[in-house]
């Protein structure tokens, strides 16, 4: 009985750790990357949520923010980068382009939705979403991971 | 009295309390019981120092993130715990769960060995640092002759781990990072050691404890200012710190030698860097700023204050300088630091021979 | 062919033992999705080949599929760091094609907005340039300053990054007295703040030593590659379309065109920073001269915008933060553009990259690439 | 000599580096500019663009928004809606078609608001456009009148 | 005394492995181990000075030299 | 000085610290997920397939730097015993040391004059 | 002197000159010697029955601009020997419009993936026919019409 409680507590603690420490991957694609940088900048400062350690290598990072249009030429590379990240890993699809193709949805060389390439945990709509939107999404994702609703 | 005997007496007390007498455990005249007690105490001591090192690292990373946020007009981590102080705990919990990826093409043995080579020497370095000698419980763990040489040796080994790590991970950036680490190692070790010789000349001893005591009246930074600057720059270069963070420069080689490392292995690299910084500032405080010497407060506090100032200076430098290019870096090591360190050597010989008994 | 010529000129020999490294498409210093195939001899670059197209979003094709006003949203997303400059190039071209008159006030507003956006774009460049050179802090200071501009732009246009603010025939909304007040307060300490940030760069010995003589491009090469904008001015030619072929009301305003002779990374930094000061000067003058009146040509009610038909062709060059930008429009008498070609400065600038990279070191590569300030929405379109 | 031609000497260089470090050290004492979103609610200007909202009362089904929408996000759908008598007289929607919007591809370009003859379509700042599952992105005219929080609550599908 | 024998044995074994390993990187790893082992023997023999010098010069300089030479040599991993 | 128990503790640290680290890594391995993607174990190269040789040929200057480094490191070792007892040995020995260093520095100066210490750069 | 087929003027007052496609290289060389040292862009227009190549020139001394056009059926001489910057412009025009430039050193696709079928800016390009891109083991792109073979 007490063993179970211990296991549950440990499990919860680990989930808490995963959730509250999401190191983003330096991965900017297009317009939304600038708003991502704004969210990182002094005015919005998402370091408050423990995401200030921007990691340049996928091996070190937990959170891939697909910030911008994913073209067909880029999609296999995105998949590759996602595969090279270490579990547990999460994906935020930022903006209309990454979520559904956005203004380029009728184009010939744009993937309409990055969820065809990698599994997405959070979609943010808008073109581009405001930084506060991204920060709110990050916070919601953190809470959901800590609650065990998002698993990897 | 040092940590070892402190722990020994605690163990002795515990055994007394349990009515166990360990001395009679003998075999053919050898006091095996005593040896076992020594062993237990040694293990506990190493674990304590390890925890101390980890604690220093955690505090340093936290301060670093907060301070960096401060100079950039931000807040920094503030959600977990008071002022975000639990953020690092969450990071460690996260790192423990991260997947451990070893690339197929990597040399697996060497890949696994590298993190150990980075972190182990730093912990040993923490065991040798003289933390004080007058307080009731001073933390000076080990004292013997030639401690200063071992201290410097611990600072010298970690680049070897970095080179092996970059070399074994079969990654082009890792390879270039390892090359740069080797170049750094080669260019900055010599000036560092020569300025250390100057200190040894002034103190007349290889013992870190004696070096501190020799600075009772005047810290060595006064006669050895040039040497201090050289040692400081060399330490910056050895510790992969801006402006000399060439081996893991983010904007050039993605993460340099640690590019392929993930999870806790990368965590060890990451923490090893900060632990090395802490050790380096402790060493600088010890050999140039009089270590634990100081009025009123106990020695340990003085050492922590002095080293803390240096850690803050390191952090400040990290956020406020550009990265140098590799050829400029080597030029600086060979064309400026090396001749200057030899000039400094002669100056200190002059002090030692002709300045009488001041030092 | 050109690259082997470059190698010969700089005395570099291709060895058989060469390692080929990809920098990008995901790399912290390629500013997006540039991929540079680099061949390395130790640390020295013996061959560099930029590979683009990872952000090809078919802006031209999609613009040829809808009415004229619809094309504006694709134009917005070309150089997303300076969207208003892009819009300006489009609306000027489209107005010329359709023979639409624009009220005076709208022209002055456009001028002010474009200069504000130019400063914001250069701030992004300066911050990421600092990041590429290995220093973290300027990035945050630049974004702090940029955020102040964004609050003004947000107040006027209603968006932060991609505005859709310039309309064919004027602008979509008038500037409010509140926003003018905001601009005045911003102007009062802009120069001081910028000087503080630029001194971090200019005074740093390491920065100067790393950038002087790095990424050199001679004036002849610059012209041959079709390079325009700050890179051209840094190479020694005082060429600015705002002075040489004034559009809007730039001929009624006093400003200097900065230029340098060296043509290296450091010269580009100086030119861009001086441009920011000059832009602030222009904004201050526009504030004084802003006339009253309409901000939109009332002859064209908004629903009619959909149905405007046009023939002929037009190309109005404008000076965007990256260089000469313009849109070549060909109409066939319908309400849909027949040919919509974007002359993007970054595309031409980036094609000169091998000439600036071969023979230098990896560290110089990041400095040079960021000094070109490529924005990939514009390069790949 | 201009600024570009002068190369600082070593001493000047060291002075410059120390001065730079000092500048950044002083920055640490400046006030912090961070706005603590999402707890701190930001004020948005009147013209702020965001998600599309539709006032079904004033919509007359003129299809102009569908024509101007750049990427086919707005599509007219048949939708039965009983208007108040006074607005029905003023804004009759004879064909009973109303715009529906695919919020996932909407780019907030403001063209529909500009072209709408009756001001039925407005774009308002809504930072709640966060979803965990990509479905139901095409909002019916009825859903277009409601806030994101009202529609999905905290549990965003 | 036992410790001395253990250390010596380890030194001999690692020296043999360093000499016989086909993989250059492994070979230098064993050599690194050997260097530390010899330093430990000196340490056990209470000659701290030589022990420190052993680490400083061999681990600091010679091993770095060796690893750099490994980087110089082409395709060290294929020689299985 | 004899082999005290605390020195033994120092020696033991060389074994114990790696063991602690190994336990840490073992724990991490226990908790980490086991599923992998298709490209997980490929070498990372900015999202591209890593082709060709990963080893870079070294510039010839490296050889010089290595040699100079080893020479100076050994030089340092020879200076150490002298450094511990400068006062006792006095100025006479100091002249020898100056000569010794002068030879080394002369070599370095010669090499830099010859251009061995310059990295190829445009 | 290269004969000019016809002249016109664009809406913004720039002279448009039509030249026969055989003479284009010679004509541009002449113009370059006259002082039009800048090649701003090369582009093409698909007029369904024929293609047109458009060169925008600029004289950086006088600030004068000039548009040169040549009708073609899909092949024209490359001007990379005159301007280095023409390289990428010509590659792009080949990529998106399918105009072949004879004498170009490296006429490959630049924006789209290697192996893409068709030239998208042609008016008859089938937009509804989707193509999918993937990576091969050696790092090159592959293009297919099957969805499961790419993204």
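Letters A, B, C, D, E, F and G mark the chains as written, and numbering starts fresh at 1 in each.
Everything that follows uses one rule, which is that a residue touches a chain if its C-beta (ideal position, glycine included) is under 8 Å from a C-beta of that chain, and two chains touch if they have at least 3 such contacts.
All values reported here derive from a predicted model rather than from experimental measurement.
Each step here moves to a touching chain, and the least such steps from chain B to chain C number 1. The chains in contact with chain A as well as with chain G are C, F. Traced through touching neighbours, the fewest hops from chain D to chain E number 2.
Placing every chain at the mean of its C-alpha atoms, the farthest one from chain A is found to be E.
With chains reduced to the mean position of their C-alpha atoms, the one farthest from chain B is G. When chain pairs are compared by their number of contacting C-beta pairs, B-F comes first. Chain C and chain D have centres, each the mean of its CA atoms, that are 25 Å apart.
Taking the mean of the C-alpha atoms as each chain's centre, chain A and chain C sit 29 Å apart. In whole angstrom, the spacing between the mean C-alpha positions of chain A and chain E is 45. Among the residues of chain C, those in touch with two or more other chains are 17, 19, 21, 25-28, 40, 42-43, 53, 56, 58, 61-62, 73-74, 137, 140-141, 144, 147, 162, 200, 204, 206, 209, 361, 380. Shown for chain E are the residues that touch two or more other chains, namely 49, 53, 56, 60-61, 64, 68, 71, 74. Counting only residues that touch two or more partner chains, chain B has 68, 71-75, 96-101, 144-145, 149, 170, 172-173, 175-176, 179, 186, 189, 193, 206, 250, 254, 259-260, 263, 319-321, 326-327.
Every pair of chains meeting the touch criterion is listed here: A-B, A-C, A-D, A-F, A-G, B-C, B-D, B-E, B-F, C-D, C-F, C-G, E-F, F-G.
Residue ranges of chain F in contact with chain C, taken from their complex: 45-48, 50-59, 62, 119-122. Per the touch definition, chain A reaches chain D in the complex via residues 42-45, 48, 96, 99-106, 113, 115, 120-127, 129-133, 135-137, 139-140, 144. Looking at the complex, you find that chain G touches chain C at residues 10-12, 14, 16, 37-41, 43, 45-46, 54, 56, 60, 63, 65, 67, 83-85, 87-89, 92, 96, 105-106, 109-113, 120-121, 125, 127. Within the complex formed with chain A, the residues of chain D that make contact are 32-38, 42, 50-51, 70-72, 102-109, 125, 127-134, 137, 156. Chain B contributes residues 107, 109-110, 113, 117, 144-146, 149-150, 152-153, 156-157, 159-160, 163-164, 167-168, 170, 175, 178-179, 182, 185-186, 189, 193, 206 to its touches with chain E in the complex.
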